[in-house]
Amino acid sequence: MDNQRRKFLGTMGAITAGTLLAGNRFAFAADKSPIKVGVLHSLSGTMAISESALKDVALMTFEQINASGGVMGRMIEPVVVDPASNWPLFAEKARQLLTKDKVAVVFGCWTSVSRKSVLPVFEELNGLLFYPVQYEGEELSQNVFYTGAAPNQQAIPAVEYLMSKDGGGAKRFFLLGTDYVYPRTTNKILRAFLKSKGVKEADIVEVYTPFGHSDYQTIVANIKKFAGGGKTTVISTINGDSNVPFYKELGNQGLKATDVPVMAFSVAEQELAGMDAKPLVGHLAAWNYFESVKSPVNIAFVKMWKDYVKKKGLKDFPVTDDPMEATYVGIHMWKQAVEKAHSDAVDKVRIAMAGQTFKAPSGFTLEMDKTNHHLHKPVMIGEIRADGQFNVVWKTPTTIRAQPWSPYIAGNEGKQKL
Amino acid sequence: MNTPVTENNETQDGGALTGLAHFVQPGELDASHGPVLYLDDITVSFDGFRALNQLSLTIDNGELRCIIGPNGAGKTTMMDVITGKTRADSGTAFFGQTLDLTKMNEAKIVQSGIGRKFQKPTVFEQHSVFENLELAMQADRSVWATLFARLDSESRDRIADTLKLIRLQDSADRPAGLLSHGQKQWLEIGMLLIQRPKLLLLDEPVAGMTDEETDRTAELFLSLAGKHSLMVVEHDMAFVAQIAKKVTVLHEGSVLAEGSLDQVQNNKRVIEVYLGR
Amino acid sequence: MTTTYRYFSKSVWLAMGLLAIGLLVVLPILHLGVDKHSSLYVSSYAITLIGKIMCYAILALAMDLVWGYAGILSLGHGVFFALGGYAFGMYLMRGIGADGVYHANVPDFMVFLDWKTLPWFWHGTEHFAYSLLLVVLVPGLLALMFGFFAFRSRIKGVYLSIITQALTFAAMLLFFRNETGFGGNNGFTDFKRVLGYSITAPETRVAIYMLTGLVLLGALLLGRYIVTSKYGRVLAAIRDAESRVMFCGYNPVSYKLFIWTLSAVLSGIAGALYVPQVGIINPSEMSPANSIEIAIWTAVGGRATLIGPILGAVLVNAAKSYLTVSFPDYWLFFLGALFIVVTLYLPHGLMGLLSALRRKITGGWK
Amino acid sequence: MFKVEQINQYYGGSHILRDVGFTLESGRVTCLLGRNGVGKTTLLKCLMGLLPARSGQIQFDGRDITRLPPHARAQLGIGYVPQGREIFPRLTVAENLQMGLAGLPAREKLPPLIFELFPVLKDMLHRRGGDLSGGQQQQLSIGRALAMRPKLLILDEPTEGIQPSIIKDIERAIRRLSGEGEMAILLVEQYYDFARDLADQYLVMVRGEIIKRGEGRSMDADDVRSYLSI
Amino acid sequence: MTRSAIYLCCIVLALLSLPARAALDAGQLSKLAADDNDAKVAVVKYLASHPSPEAEAVLTAMDNDALYQNQGRLLIVRGDQAIDAATLQALGPVPDSAESIIVNNRLRGAVQGALSAFKLFSSDLATRLKAARDVKQDPRPEQLPLIQQALAKETNAEIHQDLLLAQASIQISSSNEAERLAAVKILGATNNPEVRTKLADMLIQNNGQYNEASPVVRAAAQQALKSIDLRISLARAAASLFSGLSLGSVLLLAALGLAITYGVMGVINMAHGELLMVGAYATYFVQGWFKTHLPQHFDWYVLAALPIAFLAAAGVGMVMERLVIRRLYGRPLETLLATWGISLILIQLARVSFGAQNVDVANPSWLSGGIEIIQDVVLPWNRIIILGFSMAVLVFMSFLLSRTRLGLFMRAVTQNRAMAGALGVPTGTVDTLAFGLGAGIAGLGGVALSQISNVGPDMGQGYIVDSFMVVVLGGVGQIAGTVYAALGLGIVNKLLESWSGAVIAKIVVLVFIILFIQKRPQGLFALKGRSVD
């Protein structure tokens, strides 16, 4: 029904626009119909907690682009669907977006499993997916642009920082994660990396908890025990809801960041807004962007989001974070690529994407790698402040090229290109 | 009972050889000598309350026995023990001379030839009358057999006969749930009969029946006696008078009196329990 | 509600036949034989969506057999469905061969875990026939074991429902573990081929789709045979008056066990058909919420009707597909309200509603 | 003050109560006699509203109470001592008695009359109801009904399975209650002597019908006994 | 720490007693504005060695993220006023161009170490005690001179002991054998795990050489290790028992409401988890109200939240009962499905009205931190209080059930509904109220959960399976059984977790429950009697 009406309005719009622009000297001006783009983020179920803000930031970005004249003069028409944190439903919705709604591009997914679920669909139907979340790597697809960080753009610099004098010169590593692929792979890479740095096997512990685990008493006690053996740091790949009980337990059992800092890869401003940050001061996170970055682009970006949340009466937290920035960057790069290619056709856009640059809120100019579909990104380490923001305590001087295939995993040599 | 001592000894261990005349299959009824049901010293208690108190009772082959007694005398519990629904705390219960009821489960007990009608009529209300009888009919009860079961003409005839007997020919295809109370009682009796049980336990079979239905039930029971053994629990004294040869009065979990209706009615203790106190 | 339904009236047979032809013959032709830009073209979206819903319909039918006919409400049928899916998924994973991202001899996720060789329970899964055997045996044996203990202990009603929920929850946690050897949270994805054919080829898709349709049809006929057999009547009798059935000389344990196991096997087969069509199997299929939803499809359609659960599965899932696009923020309200309305006002589901309407029109039942 | 007219009740397909009607007066004991299964208890359930009557009317103090739920009837002042006592087994004796006050305002206390009639209850206040002997439970059940200060007291076979000494107590209690003249009492019995000793009027029920009624003193003469004996 | 630095410190300490001190060296301070952390650490060390109000002010400001720089000048920001860091003179409002000086963990550690060393000289006993504790727990070599200085002056025995331990913890690495021996001898009384590691390290042989050359010291170390290990293992055992009890109390709070609605009334309420959620959101709501209206009493918001959460959840529960559950009595399986529908609606309602994300519910100060039974073995206050709270709820519930008229009616209705009605109990109203009570108790559980876990729309889903397991295991209708089952499951789960990891522990517990129920279908505390089926 709704689609029908939309289609009708779209056609009417195109006809009107076409009439108005008759005689325009540009050959492509005839096509002023809206470009449909898909938004594939869970709005219900367990992942809604993370993904719903990405849907809103995407809609905000579309609005911004439309307000400034659209893409090649064509308006963006978003098609929002709810895959409900249900992985097979992700695949179904992806297929629907590509075959029924015929969207030019899809922005979406958060978890690895959702990406893995839709990947065959995008490859089969030659669709285009922009994936905005940091992930474990070990994947490369013609049909996906990865705007989040690969492990070498997050995990490895973070550990290097922890081992440095400023990071506290960590000697022992407690790798704590939720039991799924991202933590497993990340920790595997880290283990190999640590070994290459001369860290002994006995100084690394890996512990995994089930999804939704909420009782971290034993684990925090074990961290303390482990920390008795020397300068220790915790590298947390705990995901989602479990972070709140983990950090609460940490605070209440008196584990201080100055003694045993926790470096998290899945905790950003949005997550912190959902917990009391005061006991967490000094704990760390590694990202490619923090809201507290003081670049003019970022100040505008943060203001735009805050205004948008207010204007729309959204329930989202008026803070920005890395995946939101990655979504924002991805959409803009796609727009640039479409304009460069003079077409929204997937094959043309894909070619145009290579080497695309964009001045990102992180204060750096990000570049889409010419060959591996990943962004060159800066790496930043932030320490949690009492107000739920991060102090950027360290950052790379320039952007870093992604290595989706970690050299620390056997058999990955020479795989960095598509 | 006057069963020879030797045979009694044999039956104690489940019974392989009874007497010299015939060989008995374990698990099959042997009531060729004496009582079809033999209860001795049965005690059942719930939460300290003794529902049955050292109850001893025997029913002969082909006998029609009426059991009466005030509420709470233990009639239903006794039936529960016989049919394996309740386990006795102590005492022995034999069906025939070889089948130890205390060691069998409900289904086994039924298969060996004891049929029971509940106080509240329980029929399969969603099934038709015909199907009710079909399910109750003696047949192979294994899952496979029922999966591939086909009704042969003999079975159809038996169902038709039973329908006639219980006067439900015209309702054969109606769901049992739509029958009147009395009809349900009849259907349940029919479901017992079609199992061809050796012993029928009937708990208040005429409750809720019209006078006419009651009379017909009495007729039916009298005609069954001899071929089957019947144990009827009933309060309706007119009905009891119609059918009873021998009456047992239960009181507080054990037998208070036993004998013909006359004897029982004139028994001092019975009068005391029922009227005097 | 009256007595057992007539299985089925002539018009139902006719409708079913037409529907089967439409789904199994016409749609595939419109997908394969018609030009993509034609208005008659049936998209791969429609084919996979219908295929998926048909898998759910088989699952709902399996649920109906135990719940509708035997009165056993399982809140853990997802585990059987998922086990079937995993069993066939193992075959599909092996079918990837060395085409995975690591070009290794073991599935990619094992490379993450540094497993050099396949664990023992993966042996033989490269054989299609063996994996089909697993599809049947694994859910079947689990159901048999669980059912044997549960029914023997006379656990029924809500108790049984709750422990089936615990069963699927425990299984979900087990499969989430990466060390268990089934790919953890990511499960199995990225399948390449089945029996040597590319899994994304339209012909393969249509073949699996048609197979699903045939299995659904077969399951329906099997279900009809079972519930109209004497066995089916005994089963319904157990549901309505278990003690009476015992006093008719039947042992309810074996009766329940048979239908329970059969239902688990059917669920497993549905899972096996589901996996190649949706392209992923992961432990969330075993989440208690998913299993409860299966019960809802069955309740919405109408228990103990065979057709009803199929109808319910189709309607609820179609509504879900539609509402998650049109009203993404509100579809949970619809779903929740549906649960409540059906249980409160439609205790016999849509089929009950239909027959009530028919009675109203024709005046009186039958 | 309590009037029953043309009550009918069915169970399944069978007619359990057939046009039952009678009236009860304050200060008088009415005995309803009949064997097991004639429908006495069903009738009482209809009077209490536990089983709504299919047809007919029940009036209490001139008010039609046929459609009232049980608790509303209790609040109007109908006390019920059911067959089998129906003591709350896991409540203490004191709590069981408190339950008798359920229909009254919270400040009401137990009338001392209860302990005068059944002194044994006083010693057992903290025992669980389920642990009492049958006779004690019967006294408790009557005491519980008296706690609500009923205008009509219904007793269903209070002598069933009770030892003679307690039957004497109960008899004394009923006599005293009726003697005070403020209460109508409906006593359902099978125990002829007990009924005869107490009855001001009697009703005999057979197969759901009241087939005989009369004054209590004429019971012997009317050969009521024959309807009860076996 | 080099020897020269120690000398330097000694000289500095000698200066401490000088009456008048100059303001801080602005040149030194300005290095704080630079990006070089090594330089910053050096400044902190400089400040640590110049105890003065200015130094303390600067360090405190750094610790609180209140140190700013404006064009190379260091400012301490208090509210919206700026103070010159070197002179502590007020400078008026904070200029817009001021930038915060970022203090990372390394600096913060140094800052806090310096501050606690300063506080060793405080005239306030409590401050000194706390400082001594901090120093004992985290002794830093650069603190040694200050510690020794303090030791010389300290009169309080407890503080003295702490300082001795701190000194020994540092001197254990001394190159002087006598100092080491003295240190090791004292250290049997420490609980510091790092010290323990150092002691253990002495006894390790490397290439045939003990790390500690002196056999006397080794013997003492052996002795010290023994007494430390005994104490630590006792404390750890106590702590793991506690964590089991604590998990049990959480399970109990989650399940108690269900013990009424399911156990007593026989209603399968799949929306039970969402009633917990209602309680938790009510807590969030009250917290927000306190933040805006009563910020000075913020710490007490949790207490105020208790009745609100109870009423909110009870209200939702009563509405549920009236509108849906009432019509489904005697149809447990349908109730199950309908309440599942209700749970979906409640989740989405929460999502629509509060957003999909978790909301922030802070622990008030009296629920933060914990009791340290020995160093690094802490029993957190929130868990202790929740343990106590669960017992209080239990008492509250049993009071309601056993001492009030409503409770009496409820028990009577569940034992014999018809008879209760015949005695004048409006059974329908009692059902509603009883369900409200069960729901309200779930709401109280929600308040407790908000203090240890996340508060979000989906939070209830995580508890529903666990709660049902507890009630079923304990035996339906058995409040006492529920208590034993909850605490037992908590302890078993925690024991298993330390042995096999969290995932396996949970699976094993579930499988155990499934098997147990096969064996005893009526749960731990079965009701015996005729009415079993």
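When the chains are written out, they are named A, B, C, D and E in that same order, and each has its own residue count from 1.
In this section, contacts are C-beta pairs under 8 Å (C-beta built on N, C-alpha and C of every residue); 3 or more make two chains touch, one makes a residue touch a chain.
The chain lineup, named per UniProt: A, B, C, D, E = Urea ABC transporter.
Computed from a prediction, not measured in an experiment: that's the story for all the values here.
Visitor: Return the chains common to the contact lists of chain B (Urea ABC transporter) and chain E (Urea ABC transporter).
Guide: Correct list: C, D.
Visitor: How short can a chain-to-chain path be from chain D (Urea ABC transporter) to chain E (Urea ABC transporter), counted in steps between touching chains?
Guide: So the least number of steps between the two chains is 1.
Visitor: Looking at mean CA positions, which chain is nearest the middle of everything shown?
Guide: C
Visitor: From the centre of chain D (Urea ABC transporter), which other chain's Cα mean sits the farthest off?
Guide: A
Visitor: Can you identify which chains form the pair with the largest number of contacting C-beta pairs?
Guide: Comparing chain pairs, contacts are most numerous for A-E.
Visitor: Among the chains, which one keeps its Cα centre farthest from the Cα centre of chain E (Urea ABC transporter)?
Guide: B
Visitor: How far is the middle of chain A (Urea ABC transporter) from the middle of chain B (Urea ABC transporter), if each middle is the mean of its Cα atoms, in Å?
Guide: Between these chains, centre-to-centre, one finds 75 Å.
Visitor: Starting from the mean Cα coordinates of chain C (Urea ABC transporter) and chain E (Urea ABC transporter), work out the distance between those two points in Å.
Guide: Roughly 45 Å, centre to centre.
Visitor: Can you check how far apart chain A (Urea ABC transporter) and chain E (Urea ABC transporter) are, centre to centre, with Cα atoms defining each centre and the answer in Å?
Guide: 31
Visitor: Hey, how far is the Cα centre of chain C (Urea ABC transporter) from the one of chain D (Urea ABC transporter), in Å?
Guide: Centres of chain C (Urea ABC transporter) and chain D (Urea ABC transporter) (C-alpha means) sit 57 Å apart.
Visitor: By residue number and range, which residues of chain B (Urea ABC transporter) touch two or more other chains?
Guide: 47
Visitor: Considering chain D (Urea ABC transporter) alone, which of its residues make contact with at least two other chains?
Guide: Residues of chain D (Urea ABC transporter) touching two or more partner chains: there are none.
Visitor: Mark out which residues of chain E (Urea ABC transporter) touch at least two other chains, giving numbers and ranges.
Guide: Only 347-348, 352, 503, 506 qualify.
Visitor: Okay, in this complex, where on chain D (Urea ABC transporter) does chain E (Urea ABC transporter) touch?
Guide: 48-50, 69-71, 73-75, 80, 82, 86, 88-91, 95, 98-100, 102-104, 106, 144-145, 148
Visitor: Along chain A (Urea ABC transporter), where are the residues that touch chain C (Urea ABC transporter) in the complex?
Guide: The touching residues are 1-2, 43-44, 79-84, 86-89, 91-93, 95-96, 98-100, 111-113, 116-117, 119-121, 123-125, 138-140, 179-181, 184-185, 188, 208, 210-211, 409, 411-412.
Visitor: Mind pulling up the chain C (Urea ABC transporter) residues that touch chain E (Urea ABC transporter) in the complex?
Guide: 73, 75, 146, 149-150, 152-155, 157-159, 161-163, 165-167, 169-170, 173-174, 176-177, 288-289, 292, 295-296, 299, 329-330, 332-333, 335-340, 342-344, 347
Visitor: Spell out the part of chain B (Urea ABC transporter) that touches chain C (Urea ABC transporter) in their complex, as residue ranges.
Guide: Going through chain B (Urea ABC transporter), the ones touching chain C (Urea ABC transporter) are 83, 85, 105-107, 110-111, 115-116, 118, 122-128, 131, 134-136, 138, 141-143, 146-149, 175, 177, 191, 195.
Visitor: Would you tell me which residues of chain C (Urea ABC transporter) are touching chain B (Urea ABC transporter) in their complex?
Guide: Interface residues on the chain C (Urea ABC transporter) side: 1-4, 226, 229-231, 233-234, 236-237, 240-241, 243-252, 254-255, 258.
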